[in-house]
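The following pair of complexes shares a single chain, subunit A, combined with subunit B in the former and subunit C in the latter.
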Partner chain A sequence: MQEWHEIIIPSTPRARQQTEAQIMKIVGDRGFSEEARFSIKLAMEEAVTNAFKHGNRFDKNKKVIIRYSCNDKNFTLSVRDEGEGFDPSRIPDPTAPENLTLPYGRGIMLMNAYMDRVAFSPTGNEVTMVKENR
Partner chain B sequence: MTEGGGTQGRLAVTEKSGVHVVHFLDRKILDESNIVEISKELFDLVEKKKGIKMCLNFGNVQYLSSTVLGKLITLNTRVNEDNGQLVLCAIRPQILEVFKITKLTKLFDIVDDEVTALSHFN
Partner chain C sequence: MNAEVKALAGGKVGLVCLEGEIDFSVLPDMRTALDQAVASKPLSLLVDLSGVTFIASDGLGVLIEAQRKADDDGRKFDLVHPQPHILGMLRKTQLTRLFKIFGSVDDALADLG
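Let's look at the complex of A and B:
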(Lines of atoms letter the chains of each structure in order from A and count residues from 1; the text may use other names and numbers.)
(Lines give C-alpha, C1' and ligand atoms only; values in the text may rest on other atoms or scores of the structure.)
Protein backbone atom coordinates (compact mmCIF):
# COMPACT_ATOMS: atom_id res chain seq x y z
CA MET A 1 0.00 0.00 0.00
CA GLN A 2 1.38 3.40 -0.97
CA GLU A 3 1.91 5.99 1.69
CA TRP A 4 1.31 9.50 0.38
CA HIS A 5 2.69 12.70 1.71
CA GLU A 6 1.29 16.09 0.86
CA ILE A 7 3.02 19.44 1.09
CA ILE A 8 1.32 22.68 0.19
CA ILE A 9 3.67 25.52 -0.61
CA PRO A 10 3.30 29.15 -1.61
CA SER A 11 4.76 30.08 -4.98
CA THR A 12 8.07 31.26 -3.52
CA PRO A 13 11.64 30.15 -4.25
CA ARG A 14 12.44 29.44 -0.61
CA ALA A 15 9.42 27.18 -0.12
CA ARG A 16 10.23 25.16 -3.22
CA GLN A 17 13.92 24.81 -2.30
CA GLN A 18 13.07 23.46 1.14
CA THR A 19 10.47 21.07 -0.21
CA GLU A 20 12.65 19.79 -3.02
CA ALA A 21 15.54 19.25 -0.62
CA GLN A 22 13.26 17.36 1.75
CA ILE A 23 11.99 15.11 -1.03
CA MET A 24 15.46 14.47 -2.45
CA LYS A 25 16.66 13.43 0.99
CA ILE A 26 13.89 10.87 1.21
CA VAL A 27 14.72 9.58 -2.26
CA GLY A 28 18.38 9.35 -1.29
CA ASP A 29 17.63 7.58 1.96
CA ARG A 30 15.60 4.99 0.02
CA GLY A 31 18.69 4.11 -1.94
CA PHE A 32 17.62 5.34 -5.36
CA SER A 33 20.38 5.16 -7.95
CA GLU A 34 22.27 8.26 -9.00
CA GLU A 35 20.56 8.15 -12.38
CA ALA A 36 17.14 7.95 -10.76
CA ARG A 37 17.94 10.78 -8.35
CA PHE A 38 19.15 13.00 -11.17
CA SER A 39 15.98 12.27 -13.14
CA ILE A 40 13.66 12.93 -10.20
CA LYS A 41 15.42 16.17 -9.31
CA LEU A 42 15.28 17.44 -12.87
CA ALA A 43 11.65 16.46 -13.48
CA MET A 44 10.51 17.84 -10.14
CA GLU A 45 12.31 21.10 -10.85
CA GLU A 46 10.58 21.38 -14.23
CA ALA A 47 7.16 20.54 -12.83
CA VAL A 48 7.36 23.05 -10.00
CA THR A 49 8.74 25.74 -12.30
CA ASN A 50 5.79 25.19 -14.63
CA ALA A 51 3.38 25.33 -11.69
CA PHE A 52 4.89 28.60 -10.46
CA LYS A 53 5.34 30.25 -13.82
CA HIS A 54 2.54 29.05 -16.06
CA GLY A 55 0.00 27.79 -13.56
CA ASN A 56 0.19 30.30 -10.76
CA ARG A 57 1.78 33.13 -12.78
CA PHE A 58 4.20 33.79 -9.95
CA ASP A 59 1.33 34.84 -7.69
CA LYS A 60 2.76 34.30 -4.20
CA ASN A 61 -0.75 33.95 -2.87
CA LYS A 62 -1.38 30.91 -5.00
CA LYS A 63 -0.36 27.52 -3.78
CA VAL A 64 1.36 24.53 -5.30
CA ILE A 65 0.23 21.17 -3.91
CA ILE A 66 2.94 18.55 -4.00
CA ARG A 67 2.14 14.94 -3.21
CA TYR A 68 4.65 12.14 -3.24
CA SER A 69 5.04 8.52 -2.39
CA CYS A 70 8.33 6.70 -2.16
CA ASN A 71 9.31 3.11 -1.57
CA ASP A 72 12.40 1.13 -2.46
CA LYS A 73 11.13 0.40 -5.95
CA ASN A 74 9.57 3.58 -7.20
CA PHE A 75 8.85 7.21 -6.55
CA THR A 76 5.64 8.96 -7.52
CA LEU A 77 5.25 12.71 -7.57
CA SER A 78 2.24 14.84 -8.26
CA VAL A 79 2.42 18.62 -8.66
CA ARG A 80 -0.76 20.68 -8.88
CA ASP A 81 -1.13 24.43 -9.29
CA GLU A 82 -4.08 26.74 -8.85
CA GLY A 83 -4.10 27.95 -12.41
CA GLU A 84 -6.63 27.45 -15.15
CA GLY A 85 -4.83 24.53 -16.69
CA PHE A 86 -3.74 23.93 -20.27
CA ASP A 87 -3.62 21.30 -22.97
CA PRO A 88 -0.16 19.67 -22.90
CA SER A 89 -0.71 18.18 -26.36
CA ARG A 90 -0.61 21.69 -27.80
CA ILE A 91 2.93 22.40 -26.65
CA PRO A 92 5.12 22.68 -29.77
CA ASP A 93 8.00 20.26 -30.23
CA PRO A 94 11.04 22.11 -28.88
CA THR A 95 13.39 19.91 -30.94
CA ALA A 96 11.87 21.00 -34.25
CA PRO A 97 14.44 23.06 -36.15
CA GLU A 98 12.24 26.15 -36.14
CA ASN A 99 11.92 25.95 -32.35
CA LEU A 100 15.50 25.22 -31.36
CA THR A 101 16.35 28.85 -30.69
CA LEU A 102 13.29 29.45 -28.54
CA PRO A 103 14.37 30.00 -24.93
CA TYR A 104 11.40 28.14 -23.45
CA GLY A 105 9.16 25.12 -23.94
CA ARG A 106 11.41 22.22 -22.89
CA GLY A 107 10.12 21.42 -19.43
CA ILE A 108 7.48 18.86 -20.36
CA MET A 109 9.80 17.21 -22.83
CA LEU A 110 12.41 16.74 -20.12
CA MET A 111 9.83 15.35 -17.71
CA ASN A 112 8.80 12.79 -20.33
CA ALA A 113 12.41 11.94 -21.15
CA TYR A 114 13.57 11.41 -17.60
CA MET A 115 10.58 9.91 -15.82
CA ASP A 116 9.12 6.49 -16.58
CA ARG A 117 5.53 7.67 -16.63
CA VAL A 118 4.08 11.16 -16.91
CA ALA A 119 0.39 11.98 -16.95
CA PHE A 120 -1.57 15.22 -16.80
CA SER A 121 -4.98 15.66 -15.25
CA PRO A 122 -7.81 16.45 -17.71
CA THR A 123 -7.57 20.14 -16.88
CA GLY A 124 -3.80 20.12 -17.19
CA ASN A 125 -3.02 21.78 -13.88
CA GLU A 126 -1.75 18.63 -12.25
CA VAL A 127 1.06 16.39 -13.44
CA THR A 128 1.86 12.99 -11.96
CA MET A 129 5.18 11.30 -12.63
CA VAL A 130 6.71 7.97 -11.68
CA LYS A 131 10.34 6.94 -11.58
CA GLU A 132 11.46 3.41 -10.94
CA ASN A 133 14.61 2.75 -9.00
CA ARG A 134 17.03 1.14 -11.44
CA MET B 1 49.42 33.95 -22.99
CA THR B 2 47.61 36.68 -21.12
CA GLU B 3 45.87 35.76 -17.92
CA GLY B 4 43.68 37.88 -15.79
CA GLY B 5 40.23 38.00 -14.38
CA GLY B 6 38.43 37.50 -11.15
CA THR B 7 35.32 36.33 -9.46
CA GLN B 8 32.05 38.09 -10.14
CA GLY B 9 29.53 36.73 -7.71
CA ARG B 10 28.43 33.46 -9.26
CA LEU B 11 31.13 33.23 -11.90
CA ALA B 12 34.92 32.98 -11.98
CA VAL B 13 36.19 34.63 -15.15
CA THR B 14 39.73 34.39 -16.48
CA GLU B 15 41.13 35.54 -19.77
CA LYS B 16 43.37 33.16 -21.67
CA SER B 17 44.76 34.10 -25.07
CA GLY B 18 41.93 36.54 -25.70
CA VAL B 19 39.24 34.08 -24.62
CA HIS B 20 37.06 34.76 -21.59
CA VAL B 21 36.82 31.47 -19.74
CA VAL B 22 33.89 31.34 -17.35
CA HIS B 23 33.57 28.82 -14.54
CA PHE B 24 30.26 28.49 -12.70
CA LEU B 25 30.68 28.58 -8.95
CA ASP B 26 27.27 26.98 -8.32
CA ARG B 27 27.01 23.22 -8.68
CA LYS B 28 23.29 23.35 -9.03
CA ILE B 29 22.06 25.99 -11.46
CA LEU B 30 18.44 25.45 -10.67
CA ASP B 31 16.58 27.95 -8.63
CA GLU B 32 15.26 31.12 -10.12
CA SER B 33 17.29 33.47 -7.93
CA ASN B 34 20.68 32.08 -8.84
CA ILE B 35 19.71 31.71 -12.51
CA VAL B 36 18.77 35.40 -12.58
CA GLU B 37 22.09 36.39 -11.01
CA ILE B 38 24.17 34.13 -13.22
CA SER B 39 22.39 35.38 -16.33
CA LYS B 40 22.91 38.97 -15.36
CA GLU B 41 26.63 38.42 -14.88
CA LEU B 42 26.97 36.64 -18.20
CA PHE B 43 24.98 39.21 -20.15
CA ASP B 44 26.84 42.09 -18.47
CA LEU B 45 30.10 40.53 -19.61
CA VAL B 46 28.86 40.13 -23.18
CA GLU B 47 27.59 43.70 -23.15
CA LYS B 48 30.96 45.05 -22.00
CA LYS B 49 32.99 43.01 -24.45
CA LYS B 50 31.43 43.21 -27.88
CA GLY B 51 32.60 40.40 -30.15
CA ILE B 52 33.60 38.38 -27.11
CA LYS B 53 35.20 34.97 -27.38
CA MET B 54 33.67 33.12 -24.46
CA CYS B 55 34.16 29.64 -23.13
CA LEU B 56 31.69 28.38 -20.53
CA ASN B 57 33.28 25.66 -18.44
CA PHE B 58 30.59 23.44 -16.92
CA GLY B 59 33.01 21.28 -14.95
CA ASN B 60 31.52 22.27 -11.61
CA VAL B 61 27.87 21.97 -12.68
CA GLN B 62 25.96 18.93 -11.46
CA TYR B 63 22.42 20.02 -12.20
CA LEU B 64 20.75 22.51 -14.44
CA SER B 65 17.20 23.16 -15.57
CA SER B 66 15.47 24.04 -18.81
CA THR B 67 15.35 27.64 -17.64
CA VAL B 68 19.14 27.67 -17.79
CA LEU B 69 19.04 26.18 -21.27
CA GLY B 70 16.82 29.05 -22.28
CA LYS B 71 19.26 31.60 -20.89
CA LEU B 72 22.15 29.91 -22.70
CA ILE B 73 20.21 30.04 -25.97
CA THR B 74 19.61 33.75 -25.54
CA LEU B 75 23.26 34.26 -24.63
CA ASN B 76 24.37 32.35 -27.71
CA THR B 77 22.12 34.49 -29.89
CA ARG B 78 23.47 37.70 -28.36
CA VAL B 79 27.10 36.65 -28.73
CA ASN B 80 26.57 35.67 -32.36
CA GLU B 81 24.76 38.92 -33.12
CA ASP B 82 27.84 40.78 -31.92
CA ASN B 83 30.08 38.56 -34.07
CA GLY B 84 31.49 36.87 -31.00
CA GLN B 85 31.91 33.18 -30.35
CA LEU B 86 30.62 30.94 -27.58
CA VAL B 87 31.91 27.48 -26.78
CA LEU B 88 30.71 25.18 -24.00
CA CYS B 89 33.10 22.67 -22.46
CA ALA B 90 33.62 20.13 -19.69
CA ILE B 91 29.95 19.18 -19.51
CA ARG B 92 29.35 16.10 -17.36
CA PRO B 93 27.74 13.16 -19.17
CA GLN B 94 24.43 13.50 -17.29
CA ILE B 95 24.17 17.17 -18.17
CA LEU B 96 25.35 16.57 -21.73
CA GLU B 97 22.51 14.11 -22.07
CA VAL B 98 20.08 16.97 -21.36
CA PHE B 99 21.60 18.91 -24.26
CA LYS B 100 21.35 15.84 -26.49
CA ILE B 101 17.74 15.06 -25.60
CA THR B 102 16.72 18.64 -26.35
CA LYS B 103 18.82 18.57 -29.56
CA LEU B 104 20.68 21.63 -28.35
CA THR B 105 23.90 19.91 -29.35
CA LYS B 106 22.95 21.14 -32.84
CA LEU B 107 22.80 24.73 -31.67
CA PHE B 108 25.79 25.03 -29.37
CA ASP B 109 29.47 24.50 -29.96
CA ILE B 110 30.26 21.85 -27.33
CA VAL B 111 33.69 20.35 -26.77
CA ASP B 112 35.12 17.98 -24.20
CA ASP B 113 37.46 20.20 -22.26
CA GLU B 114 38.89 23.66 -21.87
CA VAL B 115 42.11 22.97 -23.78
CA THR B 116 40.08 21.86 -26.79
CA ALA B 117 37.79 24.86 -26.38
CA LEU B 118 40.70 27.31 -26.44
CA SER B 119 42.13 25.76 -29.60
CA HIS B 120 38.62 25.89 -31.10
CA PHE B 121 38.75 29.67 -31.09
CA ASN B 122 42.06 29.75 -32.90
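Let's look at the complex of A and C:
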Protein backbone atom coordinates (compact mmCIF):
# COMPACT_ATOMS: atom_id res chain seq x y z
CA MET A 1 0.00 0.00 0.00
CA GLN A 2 1.38 3.37 -0.99
CA GLU A 3 1.96 6.07 1.59
CA TRP A 4 0.77 9.48 0.42
CA HIS A 5 2.12 12.86 1.50
CA GLU A 6 0.36 16.15 0.95
CA ILE A 7 1.88 19.62 0.85
CA ILE A 8 -0.25 22.71 0.40
CA ILE A 9 1.65 25.77 -0.76
CA PRO A 10 0.78 29.36 -1.65
CA SER A 11 1.49 30.46 -5.22
CA THR A 12 4.89 31.92 -4.33
CA PRO A 13 8.36 31.13 -5.73
CA ARG A 14 9.87 30.47 -2.30
CA ALA A 15 7.22 27.94 -1.36
CA ARG A 16 7.62 26.05 -4.60
CA GLN A 17 11.42 25.97 -4.40
CA GLN A 18 11.36 24.53 -0.90
CA THR A 19 8.76 21.93 -1.81
CA GLU A 20 10.42 20.86 -5.04
CA ALA A 21 13.80 20.54 -3.26
CA GLN A 22 12.18 18.46 -0.51
CA ILE A 23 10.57 16.09 -2.98
CA MET A 24 13.69 15.75 -5.11
CA LYS A 25 15.70 14.81 -2.01
CA ILE A 26 13.24 12.01 -1.29
CA VAL A 27 13.47 10.80 -4.89
CA GLY A 28 17.26 10.87 -4.68
CA ASP A 29 17.30 9.01 -1.35
CA ARG A 30 15.14 6.28 -2.93
CA GLY A 31 17.84 5.64 -5.51
CA PHE A 32 16.00 6.79 -8.60
CA SER A 33 18.19 6.91 -11.69
CA GLU A 34 19.59 10.18 -13.00
CA GLU A 35 17.24 9.94 -15.98
CA ALA A 36 14.24 9.39 -13.70
CA ARG A 37 15.25 12.26 -11.40
CA PHE A 38 15.58 14.62 -14.36
CA SER A 39 12.17 13.53 -15.65
CA ILE A 40 10.48 13.99 -12.27
CA LYS A 41 12.07 17.39 -11.70
CA LEU A 42 11.02 18.55 -15.16
CA ALA A 43 7.46 17.24 -14.90
CA MET A 44 7.03 18.74 -11.42
CA GLU A 45 8.38 22.10 -12.60
CA GLU A 46 5.97 22.11 -15.54
CA ALA A 47 2.96 21.04 -13.47
CA VAL A 48 3.58 23.57 -10.70
CA THR A 49 4.27 26.35 -13.19
CA ASN A 50 0.98 25.58 -14.94
CA ALA A 51 -0.82 25.58 -11.58
CA PHE A 52 0.69 28.95 -10.60
CA LYS A 53 0.36 30.60 -13.99
CA HIS A 54 -2.74 29.23 -15.69
CA GLY A 55 -4.62 27.81 -12.72
CA ASN A 56 -4.13 30.30 -9.90
CA ARG A 57 -3.01 33.15 -12.16
CA PHE A 58 -0.24 34.02 -9.67
CA ASP A 59 -2.80 34.86 -6.98
CA LYS A 60 -0.76 34.43 -3.77
CA ASN A 61 -3.97 33.78 -1.85
CA LYS A 62 -4.67 30.69 -3.92
CA LYS A 63 -3.08 27.40 -3.02
CA VAL A 64 -1.48 24.57 -4.93
CA ILE A 65 -2.01 21.11 -3.49
CA ILE A 66 0.86 18.72 -4.12
CA ARG A 67 0.46 15.03 -3.24
CA TYR A 68 3.13 12.46 -3.79
CA SER A 69 3.96 8.87 -3.09
CA CYS A 70 7.41 7.39 -3.47
CA ASN A 71 8.75 3.87 -3.08
CA ASP A 72 11.66 1.97 -4.59
CA LYS A 73 9.66 1.12 -7.71
CA ASN A 74 7.83 4.28 -8.67
CA PHE A 75 7.03 7.89 -7.89
CA THR A 76 3.56 9.36 -8.19
CA LEU A 77 2.88 13.09 -8.16
CA SER A 78 -0.40 14.95 -8.18
CA VAL A 79 -0.64 18.73 -8.58
CA ARG A 80 -3.96 20.53 -8.14
CA ASP A 81 -4.73 24.24 -8.34
CA GLU A 82 -7.71 26.41 -7.50
CA GLY A 83 -8.37 27.44 -11.08
CA GLU A 84 -11.26 26.65 -13.35
CA GLY A 85 -9.40 23.88 -15.12
CA PHE A 86 -9.04 23.29 -18.83
CA ASP A 87 -9.36 20.63 -21.51
CA PRO A 88 -5.84 19.28 -22.16
CA SER A 89 -6.97 17.75 -25.46
CA ARG A 90 -7.43 21.27 -26.80
CA ILE A 91 -3.81 22.30 -26.25
CA PRO A 92 -2.17 22.73 -29.68
CA ASP A 93 0.69 20.42 -30.65
CA PRO A 94 3.85 22.49 -29.95
CA THR A 95 5.83 20.46 -32.50
CA ALA A 96 3.51 21.40 -35.38
CA PRO A 97 5.34 23.67 -37.85
CA GLU A 98 3.00 26.59 -37.18
CA ASN A 99 3.63 26.36 -33.41
CA LEU A 100 7.36 25.66 -33.37
CA THR A 101 8.36 29.30 -32.91
CA LEU A 102 5.87 29.98 -30.13
CA PRO A 103 7.71 30.59 -26.83
CA TYR A 104 5.04 28.74 -24.81
CA GLY A 105 2.83 25.67 -24.89
CA ARG A 106 5.35 22.85 -24.29
CA GLY A 107 4.69 22.01 -20.63
CA ILE A 108 2.08 19.28 -21.08
CA MET A 109 3.93 17.80 -24.03
CA LEU A 110 7.07 17.49 -21.85
CA MET A 111 5.12 15.91 -18.98
CA ASN A 112 3.81 13.29 -21.40
CA ALA A 113 7.23 12.77 -22.95
CA TYR A 114 9.13 12.30 -19.69
CA MET A 115 6.67 10.57 -17.37
CA ASP A 116 5.36 7.02 -17.81
CA ARG A 117 1.74 7.90 -17.13
CA VAL A 118 -0.04 11.27 -17.10
CA ALA A 119 -3.72 11.83 -16.39
CA PHE A 120 -5.83 14.93 -15.86
CA SER A 121 -8.89 15.12 -13.65
CA PRO A 122 -12.22 15.59 -15.46
CA THR A 123 -12.20 19.25 -14.39
CA GLY A 124 -8.65 19.68 -15.68
CA ASN A 125 -7.28 21.42 -12.59
CA GLU A 126 -5.38 18.38 -11.33
CA VAL A 127 -2.70 16.34 -13.04
CA THR A 128 -1.37 13.01 -11.77
CA MET A 129 1.86 11.55 -13.11
CA VAL A 130 3.83 8.37 -12.50
CA LYS A 131 7.50 7.65 -13.11
CA GLU A 132 8.87 4.14 -12.80
CA ASN A 133 12.32 3.69 -11.27
CA ARG A 134 14.25 1.85 -13.94
CA MET B 1 21.83 30.15 -12.60
CA ASN B 2 24.77 32.21 -13.73
CA ALA B 3 24.86 34.16 -16.97
CA GLU B 4 27.90 35.75 -18.53
CA VAL B 5 27.93 37.80 -21.75
CA LYS B 6 31.13 37.98 -23.79
CA ALA B 7 32.18 39.41 -27.13
CA LEU B 8 34.26 37.30 -29.52
CA ALA B 9 35.87 37.86 -32.90
CA GLY B 10 36.27 41.58 -32.37
CA GLY B 11 32.68 42.01 -31.30
CA LYS B 12 31.21 40.25 -34.34
CA VAL B 13 30.05 37.37 -32.17
CA GLY B 14 28.18 37.62 -28.91
CA LEU B 15 28.52 34.69 -26.53
CA VAL B 16 26.14 34.11 -23.65
CA CYS B 17 27.35 31.44 -21.24
CA LEU B 18 24.57 30.05 -19.09
CA GLU B 19 25.26 27.79 -16.12
CA GLY B 20 23.22 25.90 -13.57
CA GLU B 21 19.50 25.27 -13.37
CA ILE B 22 17.09 27.34 -15.44
CA ASP B 23 13.76 27.16 -13.70
CA PHE B 24 10.91 29.64 -13.47
CA SER B 25 12.65 31.74 -10.80
CA VAL B 26 15.64 32.70 -12.96
CA LEU B 27 13.84 33.56 -16.19
CA PRO B 28 14.15 37.36 -15.69
CA ASP B 29 17.95 37.07 -15.29
CA MET B 30 18.18 34.80 -18.32
CA ARG B 31 16.07 37.17 -20.40
CA THR B 32 18.20 40.15 -19.30
CA ALA B 33 21.45 38.43 -20.32
CA LEU B 34 20.08 37.45 -23.73
CA ASP B 35 18.57 40.89 -24.32
CA GLN B 36 21.91 42.47 -23.44
CA ALA B 37 23.70 40.26 -25.95
CA VAL B 38 21.13 40.89 -28.70
CA ALA B 39 21.25 44.65 -28.04
CA SER B 40 25.00 44.75 -28.63
CA LYS B 41 24.13 43.80 -32.24
CA PRO B 42 26.74 41.14 -33.02
CA LEU B 43 26.56 39.50 -36.43
CA SER B 44 26.00 36.22 -34.67
CA LEU B 45 24.89 35.26 -31.20
CA LEU B 46 25.90 32.01 -29.51
CA VAL B 47 24.37 30.62 -26.35
CA ASP B 48 26.68 28.18 -24.58
CA LEU B 49 24.53 25.65 -22.74
CA SER B 50 27.37 23.35 -21.66
CA GLY B 51 27.00 24.40 -18.04
CA VAL B 52 23.20 24.11 -17.93
CA THR B 53 22.03 21.11 -15.92
CA PHE B 54 18.29 21.74 -16.07
CA ILE B 55 15.90 23.82 -18.13
CA ALA B 56 12.10 23.87 -18.12
CA SER B 57 9.80 24.78 -20.99
CA ASP B 58 9.67 28.46 -20.05
CA GLY B 59 13.47 28.58 -20.36
CA LEU B 60 13.18 27.12 -23.85
CA GLY B 61 10.63 29.85 -24.50
CA VAL B 62 13.13 32.55 -23.52
CA LEU B 63 15.64 31.07 -25.99
CA ILE B 64 12.96 31.16 -28.70
CA GLU B 65 12.10 34.79 -27.88
CA ALA B 66 15.78 35.77 -28.13
CA GLN B 67 16.17 33.94 -31.42
CA ARG B 68 13.15 35.75 -32.82
CA LYS B 69 14.61 39.12 -31.80
CA ALA B 70 17.96 38.26 -33.37
CA ASP B 71 16.25 36.95 -36.50
CA ASP B 72 14.12 40.10 -36.81
CA ASP B 73 17.39 42.01 -36.77
CA GLY B 74 19.00 39.77 -39.40
CA ARG B 75 21.38 38.12 -36.98
CA LYS B 76 22.20 34.46 -36.42
CA PHE B 77 21.35 32.78 -33.16
CA ASP B 78 22.79 29.34 -32.41
CA LEU B 79 23.20 27.04 -29.44
CA VAL B 80 26.43 25.44 -28.26
CA HIS B 81 27.01 22.09 -26.56
CA PRO B 82 23.88 21.32 -24.57
CA GLN B 83 24.33 18.46 -22.09
CA PRO B 84 22.64 15.16 -23.04
CA HIS B 85 19.44 15.73 -21.01
CA ILE B 86 19.02 19.22 -22.47
CA LEU B 87 19.77 18.01 -26.00
CA GLY B 88 17.16 15.31 -25.45
CA MET B 89 14.60 17.98 -24.56
CA LEU B 90 15.47 19.97 -27.66
CA ARG B 91 14.95 16.83 -29.73
CA LYS B 92 11.68 15.81 -28.07
CA THR B 93 10.27 19.29 -28.56
CA GLN B 94 11.68 19.30 -32.11
CA LEU B 95 13.40 22.60 -31.40
CA THR B 96 16.43 21.08 -33.16
CA ARG B 97 14.49 22.15 -36.27
CA LEU B 98 14.58 25.73 -35.02
CA PHE B 99 18.06 26.01 -33.51
CA LYS B 100 21.36 25.12 -35.07
CA ILE B 101 23.42 23.30 -32.45
CA PHE B 102 27.21 23.21 -32.40
CA GLY B 103 29.44 20.92 -30.36
CA SER B 104 31.72 23.72 -29.23
CA VAL B 105 32.23 27.47 -29.49
CA ASP B 106 35.20 26.80 -31.79
CA ASP B 107 32.97 24.76 -34.12
CA ALA B 108 30.43 27.58 -34.20
CA LEU B 109 33.10 30.17 -34.93
CA ALA B 110 34.57 27.99 -37.68
CA ASP B 111 31.11 27.74 -39.27
CA LEU B 112 30.97 31.52 -39.45
CA GLY B 113 34.11 31.48 -41.55
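Basically, the second predicted complex is superposed on the first by the 134 of 134 C-alpha atoms of A that agree within 3 Å, B and C clash if a C-alpha of one lies under 4 Å from a C-alpha of the other, contacts with A are read in each partner's own complex, and residues count from 1 in each chain.
Basically, contacts are C-beta pairs under 8 Å (C-beta built on N, C-alpha and C of every residue); 3 or more make two chains touch, one makes a residue touch a chain.
Remember, it's a predicted structure, so these values are computed and weren't measured experimentally.
**Student:** Clash or fit: subunit B against subunit C, after overlaying the two structures on subunit A?
**Tutor:** Taken together on subunit A, subunit C would clash with subunit B, as the superposition shows.
**Student:** Which holds for A:17: it touches subunit B only (first), subunit C only (second), both, or neither?
**Tutor:** both
**Student:** Is A:104 touching the first partner subunit B, the second partner subunit C, both, or neither of them?
**Tutor:** A:104 sits against subunit B and subunit C alike.
**Student:** Using the superposition on chain A described above, determine whether A:49 touches subunit B (first), subunit C (second), both, or neither.
**Tutor:** Both partners, subunit B and subunit C.
**Student:** Figure out whether A:80 sits in contact with subunit B (first) or subunit C (second), or with both, or with neither.
**Tutor:** Neither partner.
**Student:** Residue overlap on subunit A between the subunit B contact set and the subunit C contact set?
**Tutor:** In the superposed arrangement, which is not itself an observed complex, subunit A uses residues 13, 16-17, 35, 38, 41-42, 45-46, 49, 52, 94-95, 100-104, 106-107, 109-110, 113 for both subunit B and subunit C.
**Student:** Please output the residues of subunit B touching subunit A within their complex, sorted ascending.
**Tutor:** Subunit B reaches subunit A through residues 30-33, 63, 65-67, 69-71, 73-74, 77, 94, 98, 101-104, 106-107.
**Student:** What residues of subunit A sit close enough to touch subunit C in their complex?
**Tutor:** Residue list for subunit A touching subunit C: 13, 16-17, 35, 38, 41-42, 45-46, 49, 52, 94-95, 100-104, 106-107, 109-110, 113-114.
**Student:** Enumerate the contact residues on subunit C facing subunit A in the complex.
**Tutor:** Touching subunit A: residues 23-25, 54, 56-58, 60-62, 64-65, 68, 85, 89, 92-95, 97-98 of subunit C.
**Student:** Okay, in this complex, where on subunit A does subunit B touch?
**Tutor:** Counting only subunit A, the residues touching subunit B are 13, 16-17, 35, 38, 41-42, 45-46, 49, 52, 94-95, 100-104, 106-107, 109-110, 113.
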